[in-house]
Amino acid sequence: MRCTFAGFDGEFMKFIHKDKVMVYDTDYQGVAHYASYYRFVTNAADAWRSKYLHSYPYVNFVVVESKAVYKKPLRPGDNISVVLMPEIISDKALKQNFEIYRGKTLTTEGYITYVYIDKATWKATRMPDYLLKFIKQNKSSKQ
Amino acid sequence: MRCTFAGFDGEFMKFIHKDKVMVYDTDYQGVAHYASYYRFVTNAADAWRSKYLHSYPYVNFVVVESKAVYKKPLRPGDNISVVLMPEIISDKALKQNFEIYRGKTLTTEGYITYVYIDKATWKATRMPDYLLKFIKQNKSSKQ
Amino acid sequence: MRCTFAGFDGEFMKFIHKDKVMVYDTDYQGVAHYASYYRFVTNAADAWRSKYLHSYPYVNFVVVESKAVYKKPLRPGDNISVVLMPEIISDKALKQNFEIYRGKTLTTEGYITYVYIDKATWKATRMPDYLLKFIKQNKSSKQ
Amino acid sequence: MRCTFAGFDGEFMKFIHKDKVMVYDTDYQGVAHYASYYRFVTNAADAWRSKYLHSYPYVNFVVVESKAVYKKPLRPGDNISVVLMPEIISDKALKQNFEIYRGKTLTTEGYITYVYIDKATWKATRMPDYLLKFIKQNKSSKQ
């Protein structure tokens, strides 16, 4: 599902994280290397957790899926905005839909899906109530 | 070697690249970081180009889409096989479907889509005939 | 803030850059991977250039030497301060002495040495007067 | 101390690891990013441990110092040889002196110093006898 800034229908709460394209994100082609975009998303997801989840960084999320569609190249020094739109997939899985903007230009979009795991067994498990409640409440309050 | 892409018999030539999970691929959770899997795929795609494309590394491919589904974690020191199954999407776009195995266990699958670009204009352009011919011929010869 | 470089009083202007240890900086040992510290220093040097050099990011610096001494481990989520103390080595070379602190604890120290190059010849060349003047003036004004 | 292939005086056993400069090692300047050289050294040190240390990858080494001097740039696709010359600093510390060659051209030299740690206390501790014996014996046998 594609989501833009304006007119989005309340499915997600939006979270915007400012970042910058660094030299080490680029390759010899002069633009950001495709895998570096996941660094930008990781940074944004980290900021999201720091702000909202009290147990950060010890929450037990592991990534089970990642996807990015690259529309415009990013260059060294570019100031970017990473927009996160978290979505509960199941009581075990959280999807962070993302869009990366340079100014008002959408450069990249995709998602990272996380599963909550039990560290003892390394198996998917139900997220704690406070987490599910938080994300759902927060979504509602943004509508 | 097993290929899980049902219905793609003969669509792809398969290319297998051996690799190893390094310390810098892992994070504090003890397993490979999700973005590191794209490093494994980049390594395999590089080996594929080195073997088959005479103009490597100066071919003008840029990544327009990437996706990975993580099924099993990889640990430091794991020996892996990255299977590439290239697919021509259009005369401008090449999709590298991939699977990553540890032994016979499928740990990850996904794809990277590349577009051939004109370096002068940075626009998608038709791949040279020799490239299209090569990939198609090679595919046929593997059936 | 404490500066451990004895005998360098007034040699450097100090520049402090706040940063954070990310998941992708760590490895399976649970702490930041040794090469990741250079990412922190690159971030700080980038912030320094953004603030002081009007031609950023197109200044022609290349790294000719890097060194780090690791005193204390850094963990995911750690908030750090990277202190830069730039030093003119010659009219062609700039040394960024650095220290990385977690709170008041010195965790790492070292330096990165850059040489100004002529892009046409890829040879070391004299830095423009405005650069040399800037760094020297700034140093003086901080004493 | 500078060491060349020929005539080296028996202080070190030499270990040569072949590697390749990848796209993700480079940055927008068209050559390998300075921190990427540590990846090449990590790869070589990993190969050294895989070959010689039976407990790999669970040996308890942490990096306490890293240094590199960059003499010539490396470009994407370059085939390189990383030469390791391990040296026992104390019964707790191992120094991996390194040189990186493209063909016969020395491009980079430096070292990584590791300390053996007790995982329970995270303190420097004496390497097991088998390790010390191995490195010393191996050194002798190469002279």
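Order of writing sets the chain letters: A, B, C and D. Residues in each chain are counted from 1.
We adopt the following convention: contacts are C-beta pairs under 8 Å (C-beta built on N, C-alpha and C of every residue); 3 or more make two chains touch, one makes a residue touch a chain.
Since the structure is predicted, the reported quantities are computational estimates derived from the model, not experimental observations.
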At the largest C-alpha centroid distance from chain A we find chain D
For the interfaces A-D and A-B, which has the higher count of C-beta pairs in contact? A-B
How many Å are there between the centre of chain A and the centre of chain B, using C-alpha atoms for each centre? 24
Chain B and chain D, separation of their C-alpha mean positions in angstrom: 30
Which whole number of Å gives the spacing of the CA centres of chain A and chain D? 37
Going by the touch rule set out above, which residues of chain A reach two or more other chains? 23-24, 29, 31, 35, 39, 42, 76
Can you name the residues of chain D that touch chain A in the complex? 23-24, 26-31, 33, 35, 75-76
Chain D residues touching chain C in their complex are 29, 31, 34-35, 38-39, 42, 62-70, 73, 112, 122
Residue positions on chain B within touch of chain D in the complex are 20, 22-24, 39, 42-43, 46, 50, 56-57, 76-77
